[in-house]
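Let me begin by handing over the structure; questions about it come next.
Chain IDs A, B, C and D follow the sequence of writing; residue 1 opens each chain.
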Amino acid sequence: MSISGYTPPFSPRGKAGIVPSPPWHYVGNFLAIDFLTAPDAVAVLLPPGLTPSHDHPGHCTANFVDWQCVTDSGEELLDPIRSQYHEFLLLVHAALDDQPVMYCPYIYVDQDTSLIRGLIQGYPKKYGSVYTTRTFDSPSRAAARLEAGTTLAGTLTVKDQRLAEGKVTLQHTTDATAAFGRAPIITLRYFPSLDPGYPPAVHELVRMQPEDTHISTVWQGDAQLTFFDSPTEDLIQLQATHILAGYRYTMALTVRHSQVVRRLG
Amino acid sequence: MSISGYTPPFSPRGKAGIVPSPPWHYVGNFLAIDFLTAPDAVAVLLPPGLTPSHDHPGHCTANFVDWQCVTDSGEELLDPIRSQYHEFLLLVHAALDDQPVMYCPYIYVDQDTSLIRGLIQGYPKKYGSVYTTRTFDSPSRAAARLEAGTTLAGTLTVKDQRLAEGKVTLQHTTDATAAFGRAPIITLRYFPSLDPGYPPAVHELVRMQPEDTHISTVWQGDAQLTFFDSPTEDLIQLQATHILAGYRYTMALTVRHSQVVRRLG
Amino acid sequence: MSISGYTPPFSPRGKAGIVPSPPWHYVGNFLAIDFLTAPDAVAVLLPPGLTPSHDHPGHCTANFVDWQCVTDSGEELLDPIRSQYHEFLLLVHAALDDQPVMYCPYIYVDQDTSLIRGLIQGYPKKYGSVYTTRTFDSPSRAAARLEAGTTLAGTLTVKDQRLAEGKVTLQHTTDATAAFGRAPIITLRYFPSLDPGYPPAVHELVRMQPEDTHISTVWQGDAQLTFFDSPTEDLIQLQATHILAGYRYTMALTVRHSQVVRRLG
Amino acid sequence: MSISGYTPPFSPRGKAGIVPSPPWHYVGNFLAIDFLTAPDAVAVLLPPGLTPSHDHPGHCTANFVDWQCVTDSGEELLDPIRSQYHEFLLLVHAALDDQPVMYCPYIYVDQDTSLIRGLIQGYPKKYGSVYTTRTFDSPSRAAARLEAGTTLAGTLTVKDQRLAEGKVTLQHTTDATAAFGRAPIITLRYFPSLDPGYPPAVHELVRMQPEDTHISTVWQGDAQLTFFDSPTEDLIQLQATHILAGYRYTMALTVRHSQVVRRLG
């Protein structure tokens, strides 16, 4: 008898690990808000190896997402507390070797599996309480149908402090490539040393390589976005100076592996 | 200046009450499982004035529901923590003056507004953690699409004890009237006296009068349902002896008022 | 076989009711902050039958409490999710027939049993997330020992909006009668009619009659208290104009019954 | 301007990182249960470099802990959602180079900061809901005073499945060295590669080096402990064959750094 798993805790039946082995299959409803902020506020957040975007300085996307995620077995669908979580994901435009990329400085989720799965991939996840308006295909005031005139909202709260509120009023469907399709996402995979005085044990830029990506019809509309201050978070330093547009779509993707593009000092 | 509201706490701006004034507009995704249990186990749960169903003895429906609920203003959609909750709803067949009715002996939700709104209407709500598989219209293993072969699940946990697990494997759409349409729902509206030795302050049978009901296409399929024991709950006494069928549908309704049908001693 | 219980749901083994039958035995750690606010802001909150306090106009106490509560059997201590909750309790000075009383316009808890037990007694409880600094008798920076110089804090968050923050820096023990001993607490026991156009089904002033009250040594010190706005709550209208003092103590009490002092219209 | 922090996310004001830089000062109330299980069930959980204990084969300790944890600034005490969490910690006896050590195969907490702080130190933390009976120095049935005859309980629930229940009936104080003092704790610090087919990025045995440890009076008594099965967890394979004793004590400690004792393949 032996123990197994992709991550600790390793266990005899091999299913206790906080994150199961990839591939991971995701599908989620996105409420995405494109906005501009002070370019310097974005630039300061970039890790070594990334430079500010020339074409899109200060351009960010805030995403409120309802996710469902499973492994190949799909067994998580049968005990849905294991497959569901909510996420606030901030992406900023940047450049890697003069090529356009997106980078994630802040991200919050409400499930431990997602927290560590993100950490492994280079997403700096923390816990947050994320809510988004759901849509139902039903003639009810409560339904928030996907149609022109409906307003959808997302909220983020971290350690009992409201941090972000976004709203999108749907206007029309669009062919615009939504946030995830614009450029590859680069993350900072990082695991500290035991002693803060020493270099990190893992410190590298990673390129996400999503597969089998599928995006639904995209709804576009006017949007609002407000960030609030807190004793610990610095999201407010990215307060929008101009809102570009809001989007609502469903996206599916599979992650099998990612690629280390640069090891940092 | 004065205070106002439908329920306490009454406040100057009138919006602090735990439940806002009706009408209440609901829409929800139902995972419903029809089953038979020992008729005596149902009969014992009926309040004065209700008798066991002659046509459907021991017939029950367990519903796992994802709800969104708003008032006329619809403002709750813009701060979705206020509009969303999950519910486990058990309904049993019974009779009132020889007319078929449904009665709710047990129900669990995860939001305080819903808890008290239910109490006012005669639903004996307690807190529970309810999860149901979500469906997305996307070609992903994670999507649990509404199509033949997909299995959807629901779970109920009360005070950290798993109480119920249900599964439905979708097979075909159906014209079958789903649980809510079969017969009127009768509830027991009850508010105790301050002193347990005295009769309750409110004790009456109430007939629900949903308006503007709309039910989507109904998917039907084979189902499984298991109840578990706990130190306090008696749901297990309704353990299924035979599973009839499972359903998945979206239902919308509005509640403006209900009708007291009998005052009890 | 029959069903029993003090509150719904009534069940065969009689333990499913959301609130067990009294007596209820409570013990809790209080962080209490005495403060003055605009007398009119208090006066508007008083129900029929209560008048503003002549001696203490605008005098309020905000309490952040960690509670443990059991029935005679004490079995809740063996499954502590059933016995523990946190509470934010606001009390204001008022008068009933020229006698000094305390009245509770706002109160928040994080457990369903406490929510309904409060409602039965006339406390207008809603759900809130309440945290208070814990104290340990240990020589650690983390211990927040009960000694001069230690600062203890309490926070209240309702539906993901921070509503209140309080701090007390302990200075000395005191013989001062703490908030609960000053005057009897009067509550508004209220259960609405099914139809908002009709008078409430229950509407009465109730006098709390705690028994076996025991208060520990009381620590007193300087305090701070800030209320924040929210889309629904009106706590901010009681913002302190002057902070009187803060207290920290442990209190135990038993509730066997309460007394209706006046039936309202 | 630049970003800083011990862990991601790195931010301008340097406080957004999920784990602040050590030192970390902890104090917690322990409910600890010593028990024996099948030695093979322990042996299989040991990582490379650790061998089964010769003197204490199959000897384990289950700990239910209420923690408060701060950095040097102590500011977390003023926003206590940041300083408090609950933990279930399982320790097993083992040997490193023939020296007695304790090893942690399973541990659950309810706070993200603690989750990642543990991961950095080699504790395989997952989220769990942990409750323990609190004690108050008050003459109340609810108080669970620290005195002979009082029974204290702890429960663990993971993803809505109850996993462990423990009870200790206090009998007498003791000089017995409690679990943490028996032998150094060795953990497995582990961070996976991005690709499951490659060796882990970090894989090493670490020796905990707690400083400024302080243990209160230790209460000892008879104990009970039951583990339950779940779809993912393997805790049940360590089901007790014999309960040795239960303990209740308060412990404080500070972690400044730990020591890598062996890098694994």
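By definition in this document, a residue touches a chain if its C-beta (ideal position, glycine included) is under 8 Å from a C-beta of that chain, and two chains touch if they have at least 3 such contacts.
Since this is a predicted model, take the numbers as computed values, not measurements.
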Classification of the subunit B:subunit D interface as same or different, half of numbers criterion | same
Between subunit B and subunit C, what's the gap in Å when you average each chain's C-alpha atoms?
-> 31
Find the geometric centre of each of subunit B and subunit D from their Cα atoms only, then give the gap between the two centres in Å, rounded to an integer.
-> 40
Multi-partner residues of subunit B (each touching 2 or more other chains) = 79, 81, 129, 131, 155, 160
If each chain is a node and each touching pair an edge, is that a line, ring, star, complete or other?
-> complete
Flag every residue of subunit C that touches subunit A in the complex, lowest number first.
-> 129, 131, 155, 157, 160-162
So, in the complex, the side of subunit D touching subunit C is made of residues 25-29, 66, 68-70, 72, 74, 77-81, 83-84, 129, 131-134, 136-144, 151-155, 165, 167, 212, 214, 216, 250-254
The answer for subunit B against subunit C in the complex is residues 1-3, 6-13, 15-16, 18, 21-22, 40, 44-45, 47, 75, 79, 81-82, 105-107, 111-112, 115-116, 119-121, 124-127, 159-160, 188-192, 194-196, 201-202, 206, 231-234, 237, 257-260
